[in-house]
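Look for chain A in each of the two complexes below; its partner is chain B in the first and chain C in the second.
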Partner chain A sequence: MQQLVQLIVSGVAVGAVYALVGLAFIMVNEATGVVNFATGQMVAIGCFLAVSTSLQLGLPLGPAYLLALAGMVFFGVAFYAVVFRPLQDRPVVTVIIGTVMIGIVIQNAALLTWGSVPFRPRSPFGRQVVDVFGAALSAHALFVIVVAFLMIALLYFFIYGTAIGARMRAVAQDRDAARLMGIGVDRMFVLTWIIAGLLTGAAGILVGPMWFADVNMGDPIALKAFAAIIIGGFSSVPGAIVGGVLVGLAEMLGAAYISSAYKDGLVFLVMILFLLVRPQGIFGERIGQRA
Partner chain B sequence: MMRLPVALPMAVIASCAVFALALLLPAVVSGYGIRILNLALISAIAVIGLNFAFGYAGLITLAQAGFVGCGAYITAILSTMVGLSPWLSIPIAVVGTGVISLAIGLPILRLKGHYLALATLGFNVSFVIVATNWKSVMGGTDGISSIPPLALPGWPIANDHRYYYVVWFALALTSWCAWRIRVSHLGLAMIAVRDDEIATGAASVGVTRIKLQAFALSAIYAGLAGALFAHMANFVAPDDFALSHSIVYLAMLIIGGEGSIAGSITGSVIVTFMPELMRDLGTAYLIVFGGLMLVILIFLPKGLLSLVNLRLGRAGTLR
Partner chain C sequence: MARKRVARRRVVGRRAILAGATTAAITIWTQRLSAQSGELAVGAMVPITGPFNVSGQQYHFSLQMVQDEINAKGGVAGKKLKIVFEDVKDSNSVAVNAYLKVVRDIDPPLVFLSSYTTQNLATEPEVTKAQIPGFYAGGGDAMHMKKNPWLFRIRPADGIQALALAKHATDGLGKKKIGIIYVQNDFGQPGAMAAEKIVKANGAEVVGMEAYAFTDNDMSAQLQKLKNAGADCLICISYGKDGALVLKLMKEMGIDLPVVISSGVMVPAARNLIAPDELTRVNGVMDAYLAPERGPDVAAYIKTFKERFKVDPDPFGSCYYDAAWIMKQVMDKVGTDRTKLRDALKAVKDYKGITNVFTTDDLGHMVHSLAVFSIKPGTRDPVFIKTINA
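And then the complex of A and B:
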């Protein structure tokens, strides 16, 4: 029972990270129509910026994290200028290959910058353990869950509760109509990429102390995030959260009770089943075949 | 829009000349170079296959390396554990890969766009997971070693120079088949499906059947490429068939020129040799590679071959 509670908490924590990455993917895809296959590498950059500020510069964790997130804002803007602008109106496959190539560039630039030896980022809570009903829960896992869901709540409020959010939704629904209404479409695109940078950056910062910071960490995380948004529904915010948590739980519980070797296979099996039986996901768009 | 396949003498003569000249290469290329060349031609077979699914039928598939892996592993298992002759295990591998692709394609080809991309990606990732963990049959991370080389009576094809002729012949044959398919009813139907699926369906062409055939054809070519790879390297391991290789195959196709057999071959050769040409760059190589691919995508969306086509005059397409 205690083991089950521990597994569930760590599963939800990992799942919350997948949800953040999935949201970054969805935000970009909805607002700008770009399927960003370099999302995972953005997570890795976020993680390593935090490594640089906290471990290499030796800053206290608070300022270190803020500085890393500021770095991710710049990164989002750079991504907009260098990748999004030229690929903007190209066919889906060009964008997919283009972002994959950018992912390769980022990953290897990170390899040159930070080397191939993984780092072990500190958690603000160290190795502290919280005792809940006899189960020893990692304080960091609980911290991850709280921060991730706070961020998602903030994002939700931003999109649905502010004037800028309404403009972003207008751009997502109909770019041309939004432009005619006097909305600065390009400004909204920049903002979307900044939000994606912040979400992936936060995911990277949070996941670092749970795993190691490895320059190759991007792809595994992105693949799980893809699975999460397929399961949840491709364009749905609650879908990304539920999908992320389900994938995190399936990974942890599957590894513990079924097979640790096939835990990733389990996740992709569920994803393919969802694609076949319910391509719109749990919450997602009706048009499961939207190209 | 795809141009009508008017096989202009210029293009045909040029292709045949290139193929004939390629026969002389083993005389001038040294040991390591010929191995890379073999790899390039084997990739070209997989990419010509991918061209059916992606270039003609417009299916975005990220599973090509998985199918190459299916072909490689089937022939590896049959020729080591079962002890079949490679001449028998290669055809079985090709057919087996085709059957696997039908079983996968039947359910997932209902999906489109990035949904299809993600489902095929899921297949490729799953293939690597199974190959890594099913130790008793697929050998786990160690893979399968001591796969027998091909042999003709009295002429063992044990070295890379001899193997080149096998690969050359396979590529010539598969290119010719691909061209025949391209100008056949099936080829036209595949392109029609890509250009306008609804209109094609309305013209009572079975859209699902055409897509499935394109998908299976691409897997059959991949299976052959995988089997040829297995008997050249005499060793297969999961890493050779990872998702990143599927992306490289797509990149080869796009760099060379999608929807074109000559483009498929050009792209494969260029992308395979690129790491060798840039070896001085060391670890920075992949940064340059990725950046270069991006530049080609942005400035030459129809691939490198579009440059040649312009020079041959607009009519002289090798499509």
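And then the complex of A and C:
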């Protein structure tokens, strides 16, 4: 029982991070039609901005995190201005390749800025452990779960409960019609990239104390998040949550009860099965069914 | 239409000839430049960027330092030493192309190869074709099985590491139920299998073997399984960051078992990631005991390195420092003829370097032992226990 609780909490914490990163994929893809392959590097940048503000500048964690998130807002705007805007009228493949290239540039710029040696970011809870049903659980892992799902709830409310969210959805459904209705499409694009920056930045800040910060940390997280949204549904917020948690749990439980050597294989096998049998994912809708 | 095609073909032909001639001229010019300026250029295949850059950076720094020191002492074979660095990232194909480029561009008498086995396995056929002696630091046993006479390993093979880990867990700590956790790649998997055999041969039991991927960040399921299997000691075969994560997770999960851990975790960059109380029951192996108390040469090396690069040196990079001095010694003696150089490297015996004593055997191994350490309580400082020989 203790083992199961421990594994489930670890799996949900990991899955919550995948869900945040998956949502960053979904936000950008829905608004712009582009899969941002630099998403993993954005996670790493978020983590390293927190390293700079908390460890290198020595700020208290609250202001350090806020400053790092402010940095990610700037990063999102810069990404839009430097990468997406100049390429937005080109074929989608060109923009996708652009995100791949910029991901490599970001990774190497991070290497030059922060160096190759990993850091161990601080957690607001230190190394505190909580006892739940006899299982020793990291307080930070529980914090990750709470913050990630809080952010997802806020995002859900923003998209489906506010006027700006409605405009963003309108742009996602039909860019030209939205423009004819007087919606500032470019402003919505900027907002989308800012939200993507905030989601990936938050993911980076949350995982740093759990997994350490190193400049190559982004790609494995993005890969799993990508699998999560394929399983959950590429256009669905609930899909990202369910997909993320499923992937996190599959990793943990698969390693514990099936085989640690094949746990990643299991995750990607499930992803391939979904692509073959239900390509729209659990909650997604077929392209033809979309508005 | 036909005329246009012919004309276009002629234009393309001229362009191709021009491009070819320019390339040839640049290549010849580059080589002559190197020769004319009285420099002796050797190549170095270094993972400067990408996931392998933690050890690559140390390799890079060590060779930069040794280049300056050798030149301050008159250079090599009467010429100024110039080390031409190529970034091999984490890709085998990049490593092969980098090797071909350096061979084409500078025609070196010797090349320092990558510190990663998979890259060296990919490059090895080109080394055979080029017939250029090469130093390499990757520990994978698959490399020396090739029996390539042009290649010389400058740090202990992974087989020796597995032997040391298993012997220390069983003979050294007297443990009887060993759990093995390892990174699933060409380093961890053969190491785990070799350690399993030695543990069994020493009369102990392997209660479980658990793998994780190089990119994994959470090994709690694997650790829980080994604990549940009744392990009284863990052998951890990992690199730096992942090994540090294993120790952090063990503390968080309340798994209070002694751990014998591989060399990647014992280097300063990895130890600094681990809190002292997470290192309480850790023993580990290291390629070399790099500490000032080993002697004035080692102390001076550590001091100079730290002053120049602002980080502590580690044995993975420092072995290239030793290799460069060995190169100088043999080139000063036999010159830069590759065959003579190879034969001289085969005959190296009892060369006392910063990291180890180097003696070449039939398979090209130059290092045959490594050191076992515990950690001083309440600190991250290693305490030397003993040396284990192959």
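Operating definition for what follows: the second predicted complex is superposed on the first by the 287 of 291 C-alpha atoms of A that agree within 3 Å, B and C clash if a C-alpha of one lies under 4 Å from a C-alpha of the other, contacts with A are read in each partner's own complex, and residues count from 1 in each chain.
Following the convention adopted for this analysis, contacts are C-beta pairs under 8 Å (C-beta built on N, C-alpha and C of every residue); 3 or more make two chains touch, one makes a residue touch a chain.
These figures come from a predicted structure and were not determined experimentally.
**Q** Classify the contacts of A:Asn108 with the two partner chains as first (chain B alone), second (chain C alone), both, or neither.
**A** It touches chain B and chain C both.
**Q** Name the contact category of A:Glu30: first (chain B only), second (chain C only), both, or neither.
**A** neither
**Q** By the touch definition at the top of the document, which applies to A:Met271: first (chain B), second (chain C), both, or neither?
**A** first
**Q** In the overlay, answer first, second, both or neither for which of chain B and chain C A:Thr94 touches.
**A** In the superposition, A:Thr94 contacts chain B only.
**Q** So in the superposed three-chain picture, is A:Pro86 touching just chain B, just chain C, both, or none of them (first/second/both/neither)?
**A** first
**Q** Contacts for A:Pro279 in the overlay, against chain B (first) and chain C (second): which applies, first, second, both or neither?
**A** first
**Q** After overlaying the two complexes on chain A, where does the chain B footprint on chain A coincide with the chain C footprint?
**A** Overlap of chain B and chain C footprints on chain A: residues 107-108, 111, 219, 261, 264.
**Q** Looking at the complex, which residues from chain A come into contact with chain B?
**A** Touch residues, chain A against chain B: 35, 83, 86-87, 90, 92-94, 96-98, 100-105, 107-109, 111-112, 219, 223, 226-227, 230, 234, 261-262, 264-265, 268-269, 271-272, 275-276, 279, 288-291.
**Q** Show me the residue ranges of chain B that touch chain A in the complex, using the header's touch definition.
**A** Touching chain A from chain B are residues 54, 60, 107-108, 110-115, 117-119, 121-123, 125-126, 129-130, 132-133, 243, 247, 250-251, 254, 283-284, 286-287, 289-291, 293-294, 297-298, 301.
**Q** Within the complex, which stretch of chain C touches chain A?
**A** So the residues of chain C in touch with chain A come to 49-51, 53-54, 56-57, 184, 210-213, 215-218, 220-222, 224-225, 228, 240-241, 244-245, 251-254, 269, 272-273, 275, 311.
**Q** Touching chain C in the complex: which residues of chain A?
**A** Answer in residue numbers: 3, 6-7, 10, 14, 107-108, 111, 115-120, 127, 129, 136, 138, 207, 210-212, 214, 216-217, 219-220, 251-253, 255-256, 260-261, 263-264.
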